[in-house]
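Structures given as structure tokens follow.
Paired with subunit B in one complex and with subunit C in the other, subunit A is shared by the two complexes that follow.
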Partner chain A sequence: MPDVQSLVNDFVNQLKTRKIEGSQATAKQTAEFLRSVISQQRVPHTNQAAALINAVRDVGEQLIAANPVELAVGNIVRRVLHIIREEDHSLTTAAVAGLGLTAASDDENDVDRDDHPVLSAAVVAAAARSTLRPPSLQTLLEDMPDSTAIPPPSSSGGESEGKSRSVDKGSIGRKLKHDVIEAVNELIQDIATCYDQIAEQAVEHIHQNEVILTLGSSKTVLEFLCAAKEKKRSFKVIVSEGAPRYQGHLLAKELAARGLQTTLITDSAIFAMISRVNMVIVGAHAVMANGGVIAPVGLNMVALAAQRHAVPFVVLAGSHKLCPLYPHNPEVLLNELRSPSELLDFGEFSDCMDSASGAGSLHVVNPTFDYVPPKFVSLFITDTGGHNPSYMYKLIADYYSADDLVVKRRALTGN
Partner chain B sequence: MEISAYYETKTAHFGVVSTDWLAQAQSATSIPNPTLSSPIPIQHNKPFSVIDEFNTWRNQPHLAEAVAAIRALAAVIRSSQATTMMELEIELKKASDSLKSWDTTSISLTAGCDLFMRYVTRTSALEYEDFNSAKSRLIERAEKFGEISYKARKVIAMLSQDFIFDGCTILVHGFSRVVLEVLKLAAQNKKLFRVFCTEGRPDRTGLRLSNELAKLDVPVKIVIDSAVAYSMDEVDMVFVGADGVVESGGIINMMGTYQTALVAKSMNKPVYVAAESYKFARLYPLDQKDLAPALRPVDFGVPIPSKVEVECSARDYTPPQYLTLLFTDLGVLTPSVVSDELIQLYL
Partner chain C sequence: MGAPKKSAVRVSEDTDELVRVPLQAILLADSFTTKFRPITLQRPKVLLPLLNVPMINYTLMWLESAGVEEVFVFCCAHSKQVISYLEKTQWLSQPNFTVTTIESHNCVSAGDALRIIYERNVIHGDFVLISGDTISNMSLTAALREHKERKKKDSNAVMTMVIKRSKPNPAIRQSRLGTDELFMAIDPDTKQLLYYEDKADNSKAILHLEKSLLADNPSLSLHHDKQLMGYKIFVHEIHSDYAARIDNFRSYDTVSKDIIHRWTYPLVPDVMNFGNTATKLERQGMYRASEISQSQSAVIGPFTSIGFGTKIGNNTKISSSVVGEGCKIGSNVYIEGCYIWDNVTIEDGCKLRNAVVCDGVTMKSGAVLEPGVILSFKVVVGQGFVVPCYSKVSLLQQPVEEDSDEELEYADSTSAITSKVDTSDEEVASQVLDTHLHSASQLGVGGVGYIWSKCEGGHEEEWRHSVAPIPADKISEAMKIMEDELELTYDGSILPPSGELKPDCNDSEDDDNEDSRDDSYFEKEVEATFLRAEQENIQEGHLILEVNSLKLSYNKVAADCAGAVFYALMKYALDTPHSSADSLMQNVKDILRKWKNVLRPYLTDIDDQIEVILKFEEMCSESAKAFAPLFTSILHFMYEEDIVEEDAILNWDDEKKDADDSDKVFVKQAQGLIQWLRNASEEDDDEEE
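Our next item is the complex of A and B:
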């Protein structure tokens, strides 16, 4: 498929050159891109889910490798893989139920059938279910089906019923792709509306006459604060400017324009101001499986200040920011170093920056992200509600399949 | 002093090096080597006892205790005369209770029995089958459990590889098969790391672990137990196994784990626990004294006056706030996940 590959290359280039920025935009475009990959993927008659999964995984590996720091790409790839597995599973169970008890001795249980003549449909269903669920104590002793439990095309199917079943499978196939695209559309919709769903909860958290502190600029935070304002809450906002990009300036301007009482401070004034703050509300770049947060640089300082003065530290994050990896992986902790031009103007300090000689010259380092450990976070607000940091793993288990966690690792070893 | 059965198993499996043991080894005639005895098929003339069965399995050095427990329960099913599921369940319950009360100190024995009982009563796979096939299915699953346990160790070793980075120093307390497996795989993957083993008085587990690691050409250093805080500065992470993982997410492990974790926490070093999920136990100890103490002999080399008391407990409880992550065959978990898993299983 030459056209798909060229599309992939285009998208990879955009990611590599950081043309697409911000986790929400990246997530949305990745999802849209994967949708077009799925719709262009020609699916064989048998084992359609596996074909789709392989296609998405191949593309996903390239996308993740293009910008490993933007975790939203990997999250969306895994979400789409999970969607395919889920849709396939719901179709096969529907088929099994439809075929009834007589046909329940499906192909995958050929071996079992020999010793247990009457194998119940419940066993088949249980086996199918356990492939989707993450491993748990409950299923530890149960017959672990192989990871390829998606029933392979029947090679030894019964004579009379084999025909009807193959017809069934054909229709399942066409339906599968349709259902998957439908579900991906829903995902794109979810990403687009996550601001609203988070902002809806604002009044529960912001009370009258409170003082809120935030750092830098995040669209989620802006919507959140404005939603509280619209519900006639009056409160003050302290915005820390967020050096070196000074996005806090933009946020402060925007908030003031909407009639919120806003104070702008420098980042170094956070400790001085924190004692009069009731709550810190910030956005995140990504939320890791242990509840740690990858956030714009400077936030760890805010978290420490909040901790010192026992001020609640609330993180807003759409579900596309939930990452199933643990931050101890070095490649996850990899920080992005941006251009030093954000710190210094061209020509400034040029006498100490002798690039020709190298030694002893001035270095300018401009990291983008901070890691805030979970113990500093009081509450996460996602589109599904408020959650404790120690509960994040549970949300993540809902969104991703255990089999897909390794997409990234495979991509890295492949390179 | 009464020595707990839990400790006896440990001694048999890990060949604890003590002067007592050396003396016994010299006059070896009296003690049959437990590692040589293989499980004897049940003789029908002799009344079947689940405890004997358990002991024959327990003495196999490569088998975990929970596996031995489940194998013993499978033997109960095999020798049972029951004709209905209900009868079988009652029989199993009796057997598991007698096993549990035979050795109250072993957590993985209790956890293993509970897990299997839960499987028998809960599993939906048995609902529609006739009694005999259900019975053979149970036996088959129980016999596969050894494999599950072996596979669990492999999975844990694989999961923890991401956390061992080149140039790191790992402090290990106690001898754990899982931790050894983790380090073995890391060495195989050509990771560059060094290991500090605590001595592990009075069992000297560290000597044994350092022995094994030296065989793998991993740089290893033994530190005496009291030097944990002294050497923590150089350490990047602490790795421990567990005898049992309790509902709070804390662990019960060899004496000294608690203080190691405390020191690590105060110096901001991560503490990783490697434990198979069948060690999750329905216990909620609030403090150290909540546990039935597993007693062991402590050899000081010199006679101790009879008026002097000696603390003989073999293990302690480490609360969850001192642990960073648990590596289990269910995945990498934060301590709070443990209670979730247990509730899912038992509620």
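Our next item is the complex of A and C:
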């Protein structure tokens, strides 16, 4: 399909030239893009799920390669793959259940079929997400993921049951695509509203007269703080400027405009200020499977300072930032070196930078991200609630199927 | 030269306000220079790889990210290669970014190129003019906005040049880019470009500029003039963004290093990932593509880029270099500061320092490249042979004359699809092999290729433009000269008018000679043009255009043109058959009446008019004595026809007051007229009072 291919090229180019920036925007656009890919994909009569998965995977692979540092792309691709699997699964089960032929399923992966015959796992996951509560410990213990990593549903999500049941057996093919697009729409919706979902929890975490420290600028953090402010909490915010992009300046301005008492400090003053801080609240670029955080540069220093002074270090992250990969050598592989001109003007130190004459040996390095190991993080606040770093892998298992992690890699080396 | 074009484009621009026109760009895929010889004899400059990616990709990528939607790639030399390359890549199939190629084989300058593009009638509004060797990551929006606003206020503001201020230290600038200095005077408030000159060694500058990068607007390329036919050119200076042009080997080296140091982000190898090979950035600025086989004992230094599928042998050391795809590098090889392109074979024990090695070169074991060497395509360097400093080696023989160069470049462009070049290369190679059987090889035993003799500039130029670092003594020398000149600048801080702006070197005499020769050429050209116009009944507008283009090409000011045109008119009047002084006078009157509109554009200033009077005076006393008796009456006629104003005549009189008597002949003759004018003006004053 040349049409899709040119769309893909266009999107890949935008990712390559770093025109889409910020994980939220990237996630949203990736999801919307994949939705259009799916809707344009023609599905054969048999094995529709596989066809869709292959199409999404092909495109996803290119997207991931276009900007490997922006993990949100990969996350969304895997989320969509997961959605397809789930919907396929639920349709099959629904059809099977509707016919009452429990044993006739041809889906070999469907191990849990007998236990949970009617429910779409995706629907349950969505329901769990929408209730804004993490599953209870009880459910966690019961729901250890099996080999297919499809989290079995534990409770009955009534509202979608009828919908699943109403599936006519003959229209499964058309239905699958339709359902997948619906679910992707839901995903896009989730991404769009993740700020609100996270911000709703603000009052539970920010208390009266506290001092909050943050670094750089994050929309999530801004909304979070403002939500607490709206609930009549009075607290102070210390904003560290976040060199070299100095987005902290913008955040401080915005916070002050919204009536929060704000103090702006340099990054190097963090250790000096940390002792009077009650809580550190920061945004993240990505959250890895081990609970480590890829975050704007400078955050590791903040985390160290917080650890030293036993200040809680809270990371706000929408679920699209949860990455199912483990960080191997994150400082290098998951980092991006931006232009040195953010640090100093080209030509300012020309005498030392002149490599041609052999005299100069000044090199300017401008990494974008820091890696904060999980042991420094006290709490993650996602749109589904607060979580411990050690719980991340479980959350990830909810959103992604283990197949996709591995399959993607195989596909990459295969090419 | 381009006036109709401009007006046409401007007319269509008026409607732009209503309809949104996609931003267009013209990319000149030809630099119209010969700095990259001998490499450019076989491949166009825009396809030379910069960190393993042809330059044109950087430019296109930047245009695309700057929001340009339509690009016209103008191909000249090796056009087939450029077109077939673009077809191979994805550029022609982008949804929101159309790339169209325009081919032409008889262009010798950017101006020619623009005229051809104008004739195609594809440009609909403001456009970006950029050369295919520009590397930048700047954002165009600010420059475009400024340009649009300025044009709303002043329709004469036709062009905005985007410039970047270069290093304050002249020696560093020299060592970085190796280009001649540029001199610009810019009004700090309005950002209008008042003066532009790119003579070499001219350091009396207010601003030092790395390059005139690109001009966005309907206009021609740059000219040495205060105002381009009354149009104003403005500049937009960029600060933190990166922008540079590659126009010689030194800037090739510098820009490559800047890319490795990521100044051009996001135009860096690991982000662009052009083609299918993913490049990864590792610690210390090492860019490595996939499938590199490297020996355990090989040492790859920092700030190095290694291409896809390259093999590196034992104990080889590579530092600050770029190695292309599919190269085979043997054991115990030492490579420092080199640019090695694709499929190069370097056998054991070679040493390469600061060299450029093109595709398919073979270096037999133990060969040595000294700093500044350029090896063109498929050259073979013999065993143990030492290629001396700054030599350029090619399979093609050095073109004998400058004139034949163009043809050479075009000649093989006709047969120049890449594969074809290869075959022809092989033929050449075999021929060369044959000749080597007879003559002593220029490149040692088994070597293939010709060493080009030094170009006209001699050694002086070589060190300036080569990839090798500039020797320390040269730098200190250059520094000293710069300092001296800087001192001079402070002495004479007033800017001399353009004609007198000459370097303070001892070669000023030559310049003067050249200048006067220029003058007479210019006058002759103008005269010939005028005669042709008269005979072929060419319209005034076209004649003015022709004279303007002559003015630009000879770098003259309006006063020169006024003088020359006037001279041509009078000469014509004199040459027209006449019986008596009266009929001569009649001739003059007819001709002046007919052609005064041609003269007028150059006579806006009093000084220009004085120039005409002086010219006339000179004619009367020297070349055309027949006019001498008629001096006053012609002057009076010119006054009546508004060719010269009374102020001009009076100023001329004032100027002549202190002159010798011999110079005053005509002033005296015209005394009556002058007196009359003086009285008239006094009366005017009285009336006004």
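By our rule, the second predicted complex is superposed on the first by the 329 of 415 C-alpha atoms of A that agree within 3 Å, B and C clash if a C-alpha of one lies under 4 Å from a C-alpha of the other, contacts with A are read in each partner's own complex, and residues count from 1 in each chain.
As a convention for this text, contacts are C-beta pairs under 8 Å (C-beta built on N, C-alpha and C of every residue); 3 or more make two chains touch, one makes a residue touch a chain.
Keep in mind it's a predicted model, so treat the numbers as computed, not measured.
In the superposition on chain A, A:Ala65 makes contact with subunit C only, while subunit B stays out of contact range. Of the two partner chains placed by the overlay, neither subunit B nor subunit C lies in contact with A:Arg308. By the touch criterion defined above, A:His207 lies against neither subunit B nor subunit C after alignment on the C-alpha atoms of chain A. By the touch criterion defined above, A:Lys394 reaches subunit B but does not reach subunit C.
When the two complexes are overlaid on their common chain A, residue A:His45 makes contact with neither subunit B nor subunit C.
In the superposition on chain A, A:Gly291 contacts subunit B only, with no contact to subunit C.
When the two structures are aligned on the shared chain, A:Arg276 is found in touch with neither subunit B nor subunit C.
Subunit A residues in contact with subunit B (one complex) as well as with subunit C (other complex) do not exist. Taken together, the subunit C residues at the contact with subunit A in this complex read 61, 64-65, 90, 93-96, 137, 165-169, 172, 175-176, 239-242, 250, 253-254, 257, 261-266, 271-273, 278, 281-283, 285, 303, 320, 469-470, 472, 475. Across the complex, subunit A meets subunit B through its residues 115-116, 118-120, 122-123, 126, 134-138, 140-144, 289-291, 326, 328-330, 390-391, 393-394, 402. Within the complex formed with subunit C, the residues of subunit A that make contact are 6-7, 9-10, 13, 16-19, 65-67, 332, 336-342, 345-347, 350-351, 353-358, 363-364, 366.
Residue ranges on subunit B touching subunit A, taken from their complex, read 115-116, 119, 122-125, 127-130, 133, 136-137, 141, 145, 148, 162-163, 165, 270, 277-278, 280, 325, 329-334, 336-337, 340-342, 344-345.
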